[in-house]
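Below is one structure, written out as structure tokens; the observations come after it.
By written order: A, B, C and D. Residues from 1 in each chain.
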Amino acid sequence: MLSGMKGYWYRFAALLLLLIAAWLLWSGIYTPLLLGLGALSCVLCLYLAHRIGFFVELFSARAILRLPRYWAWLLLEVVKSSLDVARIILNRKLPISPTVIEFDAAPDEPVGQVVLGNSITLSPGTVTLDVHNGRLRVHCLTREVADALLSGEFNRRAAELMKD
Amino acid sequence: MQSAVDVLSWILLAAGGAFVFVGGLGALRLPDFYTRMHAASLTDGMGTILILVGIMLQAGWSLAAIKLIAILVCLLLTSPTASYALANAALLSGVEPGNSRAGKAEN
Amino acid sequence: MVILFAVFLLTLLALTAVAIVRTENLFVAVMLTGIFSLLMAANFFVLDAADVALTEAAVGAGISTVLFLGALALTAEHERSVVSGRWLSMGIVVVTTLILIYATFDKPRLGDPRAPVHQHVAPWYLDQTPELIGIPNVVTAVLGSFRGYDTLGEVFVVVTACIGVLFILGVRRGGYSPSPDGDRLTTAGSGLRHHLIPKVVGRLLIPFIVLFGLYVLFHGEYGPGGGFQAGAIIATGIILYALLDGEAQALKAVPRPVLMGMVVGGATLYGAVGVAGIALGGSFLDYSVLADDPVKGQQLGILIIEVGVGLAVCGSLLSIFHAFAARGRH
Amino acid sequence: MYLVVSIAILITMALALVRALLGPSVYDRMLAVNMFGTKTVLLLSVIAFLYGRPDFLDLALAYALINFVGVLAVLEFFQSRSIRRAADRVDGG
């Protein structure tokens, strides 16, 4: 976990790179005028980001490198649970057993908890209702999904993603 | 080679269309608000991924494909956030999260 | 097939419109208006009018819901039902509808090349744009140059509307000082800072929303987009910040004098380009004289007025938003 | 194939609209609006390719970026309303 001034400049550079990349990839027109306007826009956005305190949130730099693997795992999870939920919806009897569960998030940092919460919502069958003080409240479509979630695979993966 | 990519992208698009439709059906069939959210997340997650990746394969390596990736990333960031905001708004206004037959499983 | 899509979307649109009129719960009406706007944008898009669709998207996706809810916070949630005069208004509506339907029989078919609209100035615009202005997006050429007067007028309409709203709702000096009656109401305006997920994701997206707005602004000559859309998108980005961290914080990040400067400066910039045209020996809003090459001059002029439009629209929308929010707080 | 997908999306839009009209609660309607938003993004992307105009993707990107602002506004609205109501209750006695 980077912190202090060094971390600040690190995140500053990361956002600048992302903005420049976004502009170049969106624009597709590389005349001097538009490139100049693009540079101006990136600087403007960066200044605005500074004013709104964009660089306050902490995240580990190495987490970005681990992101592809996490996404691959999450994609698999989304596919599996999507098939399950589709089967439930198409089932004539609608075999649901809605359950609300609460558990502690393994990642300590806010960003890690956000990743965890949004990943849970993204995979069908589970919706994050509330994240408060490191505790998640999740609505599950069936009891089996709830049990699977409580077994902590999501939690472990998210914590692994965020660890230093 | 091209035809293999074509076939794959058609399969993805068809599957995406199917998931989107099933999600829409679920939003109608499921009994209460919180369970309907699951149907919505079915279309928002799986349907979106399949359809956008399917189009991406058709677009090939071009700026359009990159714009599609941007759209996909934005949607995958914003749609769970919107779901959270919605679920939380309902929770705040005292809509009880359901006929929880199992009760609360405390961890 | 285009017709089929358009008819389907229009049917949904009509259903939504009827539902909006029928519901007495204003909150429900706001929600349905969101669907209405999405359908409208999709409809424009299907009919190949990407510029208009983008405008609808920029305004309808975020700002209109936010402003409607801001207004709703100031009033009651249920509409008072009006009983008297129902049949009379019903009759008027039915008669008008029948007249309108009768009038459509004289209308040319959609996309008919012999339609009067395609015989008049439209072919001339299509012909002359590449030659006189040299940009791919004819819509921007028409709005920015050929019909620059109209767009100038529209900008002043937006500015006037902003002034009107500020007069009606009132602006307090130093807007973001905590309200006198205690902390309770201050927390009411403190936004979603206790909600981790919106806070982190929203803050991550704000720079990209603003960048996208600027991209739309500067690429109006090449693709769908331009000043109006850009102003609305950028304003949405800042309103998002206001939702996350509270309106007071947003006012600190983009203070009121800056907003006023954007409104006035944007409109003035547009007018100044016109005056510069006169000064350089052309006529008002004739950009050809702005550079040595008339085509370059046109492009430069359009770019500058788009920036002016964007500034004015963004400033106006944000001022209106803050006026609503401030009113709700007191 | 784009045609089939766009028809599936249109049908889903109609289903979401039914949900929005039926309600019953305001949250169900809000959910329908939300679904409608993502369906619009998908429809726009598909149609952009159906017409062979990939530069029109900007529109879909605009929706993808800013469509969730409305839902956040709803959350903020309910939050401040519940705080205001609690305050009124305290004031009232």
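Here is the rule we use: a contact is a pair of C-beta atoms (placed from the backbone, for glycine too) under 8 Å apart; a residue touches a chain by one contact, two chains touch by 3 or more.
Keep in mind that this is a model prediction, so the values were computed, not measured.
Compared on C-beta pairs in contact, A-C and B-D come out with B-D as the pair having more. A summary of chain positions shows that the Cα centroid lying nearest the centre of all protein Cα atoms is that of chain D. Centre-to-centre, using mean CA coordinates, chain A is 31 Å away from chain C. With centres set at the average Cα position, the gap from chain B to chain D is 13 Å.
Chain centres here are Cα means. That of chain C falls 18 Å from that of chain D. Annotation: 15 Å between the Cα-based centres of chain A and chain B. Across the assembly, chain B contributes residues 23, 25, 37, 44, 63, 67, 70, 74, 77-81, 83-85, 88 that each touch 2 or more other chains. Residues of chain D found to touch two or more other chains are 13, 30, 32, 37, 55, 58, 61, 65, 67, 72, 74-75, 77, 79. Residues of chain A in contact with two or more other chains: 22, 26, 117-118, 128, 131. Interfaces, counted as pairs of touching chains, are A-B, A-C, B-C, B-D, C-D.
Of all residues in chain C, those touching chain A in their complex are 194-197, 199-201, 203, 206-208, 210-212, 214-215, 218-219, 222, 241, 245, 249, 253-254.
Listed in rising order, the residues of chain D touching chain C in the complex are 3, 6, 10, 13-14, 17, 20-21, 23, 26, 29-30, 32-33, 36-37, 40, 43-44, 47, 51, 53, 55-56, 58-59, 61-63, 65-67, 69-70, 72-77, 79-81, 83-84, 87.
Residues of chain C that touch chain B in their complex: 192, 195, 197-198, 201-202, 204-205, 208.
By the touch rule above, chain B contacts chain D in their complex via residues 10, 13-14, 16-18, 20-21, 23-25, 27-28, 33, 36-37, 40, 43-44, 47-48, 51-52, 54-55, 58-59, 62-64, 67-68, 70-71, 74-75, 78-79, 81-83, 85-86, 88-90, 92-93, 95.
Of all residues in chain B, only 19, 22-23, 25-26, 29-32, 34-35, 37-39, 41-42, 44-46, 49, 63, 66-67, 70, 76-77, 79-81, 83-84, 87-88, 91, 97-102, 104-107 touch chain A in the complex they form.
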